Every structure is written in structure tokens, then in C-alpha cells.
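Both of the next two complexes hold chain A, though its partner changes from chain B to chain C.
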Partner chain A sequence: MMRLPSYRYRAPKTVADAAAWLAESPAETMLLAGGTDLIPNMKRRQQTPSTVIGLRSIPELTAITRGQGLTIGSGVTLTGLVHDARVRAHYVGLWQAVAQIATPHLRNMGTIGGNICLDTRCTYYDQTFEWRKAIDFCMKKDGDTCWVATSSDRCLAVSSTDSAPALIALGATVTLVSAAGTREVALSDLYANDGMHYLTRRRDEILTAVRLPSGNGWRSTYWKLRRRGSFDFPVASVAAAARFDGDHIVDARIVLGAVASRPLEVPAASARLVGQALSNDLITAVADDAYALAKPMDNTDFELVWRKKVVRSLVTSALRELRGDDMREARTKLARHPLIVVS
Partner chain B sequence: MTKLRITMAVNGEPADLLVDPDKTLLEVLREDLNLTGTKHGCELGECGACAVLVDGQPLLSCLLVAHECEGRQVTTVEGLVEDGRLHPLQECFADLGGAQCGYCTPGILITAKALLDREPHPSRELIKEALSGNLCRCTGYQQILDAVEEAARRNP
Partner chain C sequence: MASNRPSAHLPIRPTGAAVIGRARRRVDGRAKVTGQTTFADDVMLPRMVHCRLLRSSVPHAKIVKVDISKAQALAGVHLVLTGEQFPTAYGILPVSHDEHALCRDVVRFVGDPVAAVVARDEATAEAAVNLIDVAYEPLRTFASPIDSLTYPEPRIHDYGDVGNVHKAVALQFGEVDDAIAKADHVFDDLFFFEGNTHLPLEQHATVATKDADGKLVVYSSTQTPHYLHRALAKALGIPAAHIRVIATPNGGGFGGKSDPFNHEVVVAYAAMRLDRPVKICLNREEVFYCHRGRHPVLMRFRAGVTNDGKLTGLDLQTLLDGGAYGSYGVASTFYTGALQTVTYDIPTYRFRGCRVFTNKPPCGPKRGHGTPQSRFGQEVQLDKIAERLSIDPADLRLNIVQPPDSLTANFLRVRTIGLSDCIKKVVERSGWRDKYRKLPHGKGVGLACSSYLSGAGLPINWNDLPHSGVQLKLDRSGGVTVFCGATEIGQGSDDVLVGIVAEVLGIDPFDVRAVTGDTDLTPVDLGSYSSRVTLMMGNAAIQAAERARELIADAVSTKLEIPKDRLVFAGRRVCDTEDPNKGCTFQEAVCMAEARFGTLGTTGSYTPPRSAARFKGGGVGPSPTYSYTAAVVEVDVDPDTGWVTVPRVWIAHDIGRALNPTLVRGQVEGGVYMGIGEALMEEQVFRRLPAKLSNALVHKFPSILEYKSPTSLDMPDVITDLIEDPDPAGPFGAKEVGQGPLLPIMPAVANAVYDAVGVRIDSIPVTPEKILRALEAKAAGKPARSGPASFPDILWPETLRVTPPWAGGDGRASNDPDRPTNRNVDAGVEARAAKAAWEKSTS
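== the complex of A and B ==
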């Protein structure tokens, strides 16, 4: 039986209290929201904070408010997000991404803030303490070597968040609050391509909200590869968003998931798309841009060369869907998930 | 370690407990309240065997720190029986062979109850989606889906 390690538990009622308590010992404290990432990691001793600050009792983190766009509190559950009519109507790519995260039980628990900050994953890291000890640990926790590529000087654990590629494609920003103040950063700038230091969030900061600009004129979509039609983290994914003027694209972003230690934007694709209509040739060229950039590693499910090839087909499907092609059959075949939501 | 006090309602009865802060709801249910119907499965959120209802919503008790259930209503498989009578879901699982080894059954019953409470007559697709977080290694799932459909059919 796997028991949690001992820790001191604190449950603030306000963000201000949470930030003040976090500032007392940021390096030894971790924030607990839905618990679906942190609790398994603590049971396996991948993370062993001496203090855990539970955010569940802070009402201000659980609101979704409409302004120019949409502001989503970091404590909104993934189920809460997929049931939000505004998300479903105006941010389809985000809705599709969140509806495909894990299972209904885990979506009932997990929060959007937690999925954004989701720990990077790796075959050599997401294991019990005894398993990791048997290979003399890895550099992400307790060891010195990256077992994915032993000559690598950085950790290659893979970014496994579904929501972040979708949110970045939609131009999201996030609010970070500490005892010292508040700052807002583009979600894209929250990430670094390093499996250990994958967030630029300081340890004394709390991610309190994610803000989406107006979805007017935008179409968005999310395509995900995983072995099963439920449960599994992405092993390759693509989020695409484009703003159209008639048939022509005015603005576009393509973001790849699970093929690096961070959600990976494809800038060449955006440049290629602007001012154009989505012809088959253009879609092929953009899919090639994405294929060239994707660097899946041999540290998650499925064979890495095949995963890289699948990126090309995911981008093709995503762009065809944005163009208005009927992709339902292809999506069902890939996702083996009806994209229906349990109330 | 300082124990912390929690009060919650479990299967409609008040529970007032002193427990270590590092205990999960699953451990408290089984070890402090002797409600062993809820099962230890993977303990990592990958199987659904430990599902319970918290304020009517199916959650995984292995990932829930017990202290985060302060003031909440918890329903376990033991709470499905009313006045000594099995819940219609339990009757249908027995009638249609929805359980073989039975280890995953409490989590599935609880999850199906949450579905039927919200959607008395769900489609088969919706039942599959609702139960997509519950693994079963015996039945092949068909009898489980049949049993939930039958329970829905018996719903008024």
C-alpha cells in the first residue's frame, strides 16, 4: 500500500493568506488543488513537500467571469470547464482538449490551474520510489543521469498537459500572485523546454487565473493521440486556432503537445498561414513545418518515430477541421471517444 | 504529527474524527470507519476502484486528502442499501452478471448511481463515457453496461 509522506497541511481561505504562507518557505511548500497530479507524485516520493497548502477553500479561485473574453479561476475543475456554455461555444479547441483529459472522475477533481502546471512526465520518473532507486534514480529526482538520453545535460521529461496547447493557441495569459505582487504573463512564457524547470513560475507564486481574449472570429480545434479512449495522457497532440476573414486567415497559431518538455509553438506555420486560404497544398506545407519541429523522445507510450509521423497527420486533420471539412469520422477513429460529457 | 479534526457526513450519518493530515479519504473510510466496501486499487487514480460520491459527484478517494472533505457529504457503496433493500443497480448487477471477482464493482456502482441520479435514462454511449474511468479486468464490460441499462429501464 502506498501511503503519503508526512507533511504539514494548511488551508487558507483567501489568495492573500495562501501567498503569505507560501512565502514562508517556498522551496519546501507545494500547492494542492485537485490533487490528481500531486498526490500520486507524493505517494511515489517524486515530490516530498514539508508543507502542503490546500487551495480548495478559496472561493475566489473557482469563478468563470466574462469581460472582453473569459477569465477562468485556476481552481475551476475540468468538469466545470466542459460544462461552461461559453467555453463550448467560443473556445472549441479548449473544450475539446479538456473533454479529453483523463476520465470523468479525474476531471471532477482536477483543475485547470493544475493541468496548466502539470508535472512533466517520463517512463523513468513516473515510477515508485523502489523502481527509481533500482535504476539509481534519474536527474529529475534524486539522481544525476537522464536515462532517456544518457548524454543529455537536461531532463527530457515530456510536457503532458492537454489544456495548455489549446490555451496558448487561443492567446491565453495567466495571472501569478505572490506576497510581493501580481504579474500577468502570456501562457506561452510560463513554459521552458526543460523537463525539470518547465515552469517559469517562481516557487512563491500562485497561478490564480487564466485569461482568454475574445473568441470572436476565431475557430479552434484540438487533436490528441493516446492509446486508450480514456485515462491516457497525450503522447502527441496539436492545438490549432485561426481567425478568418471570409476564406482567408488573418491570424493563426499552431501549438504541439507532448513532443517536447513544453507546449511547442510552430511559428513557421503561423507565418505561412496568414493571408492565405486553406488549400490542400498549404495544409501539407504547415504539417511539414510541425513535423520538422516535433522532437518526441523515447520516454512515453508508443514508438517515437511513429509519434513524430502522427504529428503531421494531426496537423492535417486539425487544419481541415478549421477549413470546415467534416472530420467527425476521422476524429472518432483517432480518439475512440464520442466527445460527449457526463453531467 | 498533530492530528486534525474532520467532520463530515458518511452515508447520511455524521462522522467526527481526529486523523493524521496525510491520510486519504480512502484510508479514513476503511481504517477509521471500517467501511471496507470501497477498495484500494492502483492508489494512483488509474483504476476507479476507490470511487465514492462527495456531494453527489464521483471522485477518487485515493487521491483525496481526508481533510479536504470537511463538511461534505460522502456516499460509499454501503450507503446504496436503503432499509435493508438493495439499490436497483445492485439488483441488476446480480441479475445480469455485472460482477465477477467483484473488486471493481463498488466503484462502478457508485459511479453509475451518480449518473442515474442526474440522467435517469441515459444512452449506452453516455453510460460508457460515465464509466470510462472504471477498469474491470473480468467482465469485458458488456454485462456491466447491460446492468446499468437495465437499472435505468426499471427507473420510473
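== the complex of A and C ==
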């Protein structure tokens, strides 16, 4: 089997210790939560930290607490979120997104913090050392060229997190803790559209919590395209959240996943939606906005031209679901599961 | 009361059996469920060391230098090997001994093994592998069959037909050109079937060691211990009598563990050199490089059809992308053209097939071996014919099903054929008549059929030895041990073996112990391939068990003074049919036999009947009998995106007789599962980087995450029916089930997509991208189709002309140099009439 490289493993019991140890050599150290992303990457030598700090023994990272909204510790497992009644009741889009991450086994291990920080993916990058050697490596690791588009001066690896689009649509913020202090940023600001430098998190910072504002008045949904009903990363997705006053939308966010190196907000769509009721024409116009913005590249499953076309259909489905249309049949065909919250 | 024991020979009575035909838990089920089964990677021996291979990082190059000095110097390294230690070539087919355990002069694909390290643990071996320095001199990269047909030089191998053509064959049975020319309609269709791989859950693993007196022992996850035995003897220069191969239960094979592999030869050599056990377990990426999977095949089907939907002739061309080595490729090539005729009545037939070498992992036998590709083409073409002639596709097929007990144009002997019953069954169960062409836009049903061998009629190494041998040992304990070289690869062969012996001797399967797949302990069975095990091992087991029953009956008859023909073996007793109280326990009966005859042991063997085909190439296709399958697939297609799902499959399989219906249904459903994967998503495809920047040609995604195979959520409901009409050639009438039920799924999906949205997807897999492209083409007034546009001109060899049986043919080629008579035969309708008259005279 593929073997891990050797590394030093440290297991702090508090966030303060973790931050202090991380500050010792942030460039050489990586944080380990569920390990479902990092461990295979290390086996493939995509990442070779000399020190790994395990966060699993830090109790303060595994709590879900209620205030105005909801604060979710970054170490909460994806299964923990799927089974959380508050998430199901008030943040349906997040629940639908998390319930569609990977497989049940991987959700038992993977955490929300890990999914938010998920490494960008690419079929030229998520390969063994031997495979990457056979293409003379790529820009993201050990090489110079982006094989997705050889003229590109930046890495085009694709953002593959399911939870982030849903969280951004719901207006989430995240807490970053370092030995130097704590800061809170909008989740949207955590990301940059660059396959290599896709997080604005400093290397000495630990993402400790995700904070969601109150879900009152909001409806949200998440539609994910992937080849199979389980296992696969998204190849295009849309998170939509809207606050309604009667039939009319007061506030709305549409966020696309897996069509850029970061979760991609569609500002034109938000502007277009506010003050309106969800007519078919409006839905079509918003789907066109999203279609225009989506820039899938040849870095994951399915042909990129087709992925771009499907964005329109995903956005349409998402908005129809927000409107209250019965989308169970379409959802079941796409996701092999109705993903409907039974209250 | 008459004996209720079934006789192994005619007449077969499918009722009254105690074990056969009853749904039972398989004999190896408990160990597999509890994790007790010892797979190859579970074999742990004292002092064992570990091996890793260095594989080529370039697709095609001369090896200029291999510097192993740094690897040898690493602490914990025991042995570093290169091609120098392996001068002898081996391979599965005698005509393609083109592999060395480690490459000597040339590497032929990314993943071709160049060197090996044996070290105290896997991590050390891996570290040492990375210290080996190889210098390559690049050669032209052949990425596609067109590359290989275009450039004869440099040759990937210095053998084969010409340039980079490994094998080209041309066979003709009757005057096919005339028959097509005279037909009412001519259909000329192109199809493509992308390559895909087996994806067994168990990765290949091997442990080699010396036994107590220094002879070689090899444990391996192989489907074919006998062929591995032969290959090791040749490659290592050790007499076969001094090698023991133990096939551990395979965690899935599907054809992917049927070749002798580099890693097996390497660890065997290393164990002998080091005098220590040596293990290798491949990682998933390496399994993709072993491959031997489905060949990508481009096909052209030209068919003549009468107004009432009968075929007058078929002219088939296939082009196979073979990858870098021969493997089973010559057989695969013939198989793309072998079985068209055993399903449908095709009075004249020409087949031309060509396999080329490319710089990719070698293709070989995957479930269905060479036949699913052309089965796809044939069944989709029949759907097109049915539509053009306004005939229901089920009726079209029912009208042309090959008759039973017939000889086809290419001299294949069809015995029982339950295909019509299969078609009628799936039509009835699926509600076909209410659905076909009647469902709303976006929903559709498709129908397709298939057939498969119940074992290849000829062995890989041509000889007149039995294909399967079984030994039976019985003693005073009352226990029975059955020995056979057959290999349990998950298909249930141990269960078949035990069930048959228990049935014949009237005891419980739990009383029988099976020892299988061990070349020291068990008689030769050729291996778990070509769907041969149940039929061949089963017939051998019946013979061995009947011989034992005969000995026991003799002894009991004498001792208890019961006439032998009144003895019955049932319920662990041997007793008088006329007075069941008169008799003894099975154990007592065995004691009587042991007392009378001495130590008890019997043998059985099986050799298939001789084929009627006498022409060159006629060795591929004959089988003792053929299984048949029909399937209806329902699809749901989103016309906006092309997104396609399969909610339901109805399938009927002509099994002859189900020995253990639980296992038979498992195989049918497993075949459907694999078929759905091939139909919708599985692709073993490659990336050729821009040639200006790189020579690289790599597997696109050699990982079990990115090689898309369905998950349980993607599996449709499967409604399975078994058609049981016992075949005289099979044990208790059984035919194969391991491969046939896969075959109709891919064409049935494509046909259902056409029914749903009116576009033809003439290439596998049927992906949403292709569907949407075809829908867009249709909307733009272009052909509503996605598929290949042309078939290249291939310089075919002289066509071997064989006269069909109804035109007086004797199975030989008329232009065979040894037999220069060239009969003038009728064409088209005349050929059909001649065939009918011939059939009448021979029936």
C-alpha cells in the first residue's frame, strides 16, 4: 500500500498550545483534523510537512453552541452536523451540502473545518508522486506548468468544498486563532481565486469555529453535481439562500462551487433577486447570471463545456426549490436521494 | 420408490435433488463475512521481507542506464533487481511471449516495471526505489491505434504481423458481399467501445518462499495458478515439478488476474535468491497498470436485411487498441468476431479484426472477453433495423433467434438455446409492450440480448490433456475431501464443487471439504476464466463422485446383500429403495468400501468435445454450450442536461440449470452492476500532454476515487429471472452465468436512451455529455447521434474463406494452402434456402 512519509506528530489539548506550537515553524507544519484530505495527500507526497499537529484532542473545537445563530467548532465531524437537529431545522442548505460530502465513512472522520480548508483539487495534481513525475509535475507541486491551461500563469485547481458555498450563502464567518491573537473574517474573505494560494488564512492561524447568523426568515438549498450518488467531490454546485417577506425576497445570495479556485458568489444574481418574487423569468435570468460567471476548467470529472451548461440547470433547480416547488423527483435523479427535511 | 438421485448423465431430471437447485449459503460465505478468509496479502511468514517495483515514468523509451548503487547502499535493503536477472520472456499465449519480469532494453508504457527492491519493510523498499537512477532515450509515443497504423516505426515489439500491428485476421463464411448486395436494406453503422478495467477490490498480492527442502512456493491472487505455474517454470528456469503455486481466494478477479504478472516472477526469483519469504502487494495505481482489461474497440457493422427483418449477411470490422503487450490479445481479437452467430441466424458472415500495440497498459480479458464490444454494436444496430422496418425490437429478435442443435456459419455448435424464452420473459416482466415508444419524453426502455461461452473449447496451450481434473478422498471418518485446481475468485466455484459431490454421494455439503487451487495438492484445472469452471470442473467432479459411489455401492451391496441397482444414496445413508430401513449410514458404507478395496480415492476429468471448426482462428469461439441472456433497461434522461439514470433492469438468463440459485442470482446481479458501470461511466482513458511540450502519455486517473464505478446508490433495481432448460453438456444441466448477464446491459442502455429522447449514442460509455451533444445536434438539424465518424483503411491479410455447413463446408478454409478447392456457393436468399434445407435434413 501507499505509505506515509515520516513526520513529527504533536497532539495539543488546547487551542492555545496548538497555536503556540504552530507558531514555531508555520511553513513546515500542517494541521490535522479528520485526515481524510491531508493523509492521502501526504501519501501521494502532495504535502510533506515535517510536523503535523493533530487537533482531535482539543475539546473546545468539537462543540456546537447556540446564540443568535449557531457556532460550530471546526472539529465537529460532518456526520455530527448531518445529525444536528438545529442545522436541519434552520440551515437546510448546509445540511444538504454536508450530507452530500464524500461517503458516510468519510463523513464520520472528516470535519467541517477540514472541509472548509479542503485543498483545491485537479486531475493533474491529485495523483501519486510517480504519476506526477511522469508529467514532469505541475505548478501546484514540484513543477512549473499548469497542465490544465499551459499558458496560465496561475494554478487552476478547483475549489471542491461542498460546505463553503452553503456557508457563504448563509452569511457565515470564521474565527482564526494564532499565537498573536484572534480574528473573525467573513468566510467569503477566507478564499482567493488561486489554486495554490486559495486560503487567506495565514500559516500560523487555526480555523477554530464557524459562526452562522440567525436563520430566521431564510430559506436555503444546495444542489450538487457529481458522477455518482456517493463518494465524489462536486464538479459544479450551487448554494442559494434567500430571506423572504411573503413571496418577496428581501435578501439573497447565490454561491457556485467547483467552477473556480474558490467558492464563487454571483453578485448580479443577488441584486436581481432583491425585492422580487421568484417568477420563472426571474429564475431564468439569475441562471443566466450564474452561467456567465462560471468558468469550469478541465481539472476534474466531466467535460468542462458540459459542466458550464449544467450550472444553469442547477441554479434553476435551486431557486425553484426555494420558491417551494416540489423538487423531489429532480433531486432524486441527480443526488440519488431526495434530501428533503422531514419535519 | 424409484431412485430420486439424479444421474449425472442423460436423462437429466431437474427435480428431486437434495442439494442441487436448492438455494444455499455458499460454503466459503462464513469465512468471508467474518474476515477469516486468507487473501494473499494476509499471508504472513516468519522472516518475510517486502518488495516494491520501480515503474517507468516514460511511455516509450530505450533504457540507457540503470544505476542501482544508491538503492543497494540503503540500510535495510536486501536485494535490488533489474532486467539483467530476467533474460527469459514469458506470456499467457504461446504466440505472445513478449514480457520480461523487469524491462531489459525498452520500456513500453508508464508503469512498465524496470527494477525491484526487496527490503526489510515496504517503506524502506519504497525509499530505495526512489534512489534508483534510470536514464531513458525517448522513442515515439503511440497514443492511439491511428498512431500505430500510421507509423510502422519504431516498432513497440519486434514481432507481430507488421509494423505496430500485433495481429490482423480476416475470415469469411459464405458469399457475404452478394448476400448484402441482394438484401432489401443495407445497414452500415460505426460504433466505439471505450476501454475499461476490472477494478477488483483486492489489489494483486504475492508471497513467495522456499518450502522445507528448498523448493519454490508461491501464494498469489491469481485466477490461473496452472498458467502461473507454467510461466514461473519458464521465466525462472526451474522445473515445474519443483514449483508449487497456491492460488489464494481472490477478492475479485473479472479477468484481471488471469495473466502471469511481473511482480509474481520477481518475488519468486527474490525468494529463491534470498532464501526468505518475499511479499509484494500492489497499490491501486499499479493495479491500473497491470490492467489486461477491456480493449477499446472501433467497429463497423455492415448488415444486409430483408423486408421482414431477417439478416442475409454481416460484414464486421474491428480495430482493437491492445496497449503495450500481447496478453490474451490474439484471442481477444478473434472474440470480437466469434459469437455474433450463436445468438442470431446469420447465413453469411465476414469478420476482420486488427489489434495494434500502443504505449498504454496492456489490454486483455475482462468479463465477456472481447465480445461485449461487438455485442454492443450488434444489438444497437438491431435496434436501428427494427426502427427502420417498424418492427418491435423484441419481435425482430424472436424472428431470428438461432435454432437449437444447430451449427452456425462459422461452425460453432449451438446446443440448447433459451434465448426466445429469455426475451419473452423480460418483455412480459417489464411491461415492454406498454412502454416501448409509449413512455413520455425523457423516459425510455431498451432491449438487448447476448450469449456467452460455457468454457472455451480449446486450451491456451494446445494439447489433448483434460481441461479439469478432480480427485476424491474418502475414509472411515465418513468425511470426503475433494481436490481440484479450480480457483475461488468470488464466483462460488468451491461451492459448486462441494455441492456436486454432496449431491452425488447423498451427503450434506458440510460433510465435504474442498481443497482447491494448489498445484501440489490438486489436479490441474485450467483456471477461472472463460466461464469454464462450473461446466468443466463440475463434470469432472460428477465423474469422480460417481466412481466413488460405484465403489461404495459395490461394497454395500455385497455386505448387506442388497442388489446394487436398488441402492440409493440420500440423507447421509445408503439404503434399499424398496426397504429404506435396510441400509447403513454413509460412514458405515465408506468403511465397507475401504475394507473391501483398500484406501479409497477416485478421479474424474473433463475434456470438451472437439469443435467442428477446422480453419485457422476456429479455435476461438467453440464451447461445450452457450448461455443466453436478454435484458430490458429503463432509463430516465433529462433533456436539458443529458443527465441519465437507470431506475430498473429486468434480466432473464438461460442458465440451463441453477446449481445454487443464490449464487446464480448473485452473478446475474453482479453482471448487471458491472454492465451499468461500463454503460454509463467506466473508462480506462489516458492523457497525452501537448506533444510540443512533452512526450507524456499517462493514465488519466489511476485511482479508485476518480475511475468512476457505480456506488450502491447508483445501482438500479434488478428483477432477475432464471430460465432453466437443462443442457446435456452441463453438470446437472448447468451452463455459465459469470459473464453472459453483463453483456446485454450496455446496448440496452443505449437503446433505452434512444427510446427516451431520440438520439443514438453509438459509443460506450453513454455519458450525459454525449447525450446533450446529440440532442443539440438533433435540434440543429444534424444527425441525432454521438459516435465515431469513420473506420480507417486497414491493409487486411488475405481472407480465409470457409464454406458454411449448409453449403457443403467441412469446417476448413477453402483457400487454405493445404486444401485448395474453392467451392462456388450461393448467395443471399439462395444461401438462406440452402441453410434451411440443410437444417431440415440434419434435424
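One rule holds for everything that comes next: the second predicted complex is superposed on the first by the 337 of 343 C-alpha atoms of A that agree within 3 Å, B and C clash if a C-alpha of one lies under 4 Å from a C-alpha of the other, contacts with A are read in each partner's own complex, and residues count from 1 in each chain.
The rule is short, and it goes like this: contacts are C-beta pairs under 8 Å (C-beta built on N, C-alpha and C of every residue); 3 or more make two chains touch, one makes a residue touch a chain.
What you see is a predicted model, and the numbers here were worked out from it, not measured in a lab.
By the touch criterion defined above, A:310 lies against chain C but remains apart from chain B after alignment on the C-alpha atoms of chain A.
Contact with both chain B and chain C is seen for A:229 once the two complexes are overlaid on the shared chain.
When the two structures are aligned on the shared chain, A:134 is found in touch with chain C, with no touch to chain B.
Residue contacts after overlaying the shared chain place A:302 against chain C, while chain B stays out of touching range.
When both complexes are overlaid on chain A, the residue A:2 reaches chain B and chain C alike. Residue contacts after overlaying the shared chain place A:145 against chain C, while chain B stays out of touching range.
When the two structures are aligned on the shared chain, A:334 is found in touch with chain C, with no touch to chain B. Within chain A, the residues touched by chain B in the first complex and by chain C in the second are 1-3, 103, 229-231, 337. Contacts from chain A toward chain B in the complex involve residues 1-9, 11, 32, 35-36, 39-40, 43-44, 52, 54, 56, 79, 102-106, 108-109, 229-231, 337-338, 340-343. Interface residues of chain B, counted against chain A in their complex, comprise 1, 4, 20-24, 27, 40, 43-46, 48, 51, 57-60, 62-65, 67-68, 111, 115, 118-119, 125-126, 129-130, 132-133. Remark: chain A residues 1-3, 103, 123, 126-128, 130-131, 133-136, 145, 147, 150, 227-232, 301-303, 305-306, 309-310, 313, 330, 333-334, 336-337 touch chain C in the complex. Within the complex, the chain C residues that touch chain A are 55, 57-58, 110, 122-123, 126, 203, 281, 283, 285, 636, 638, 640-643, 645, 681, 687, 689-690, 693-694, 696, 698-703, 705-706, 708, 710-714, 767-769, 772.
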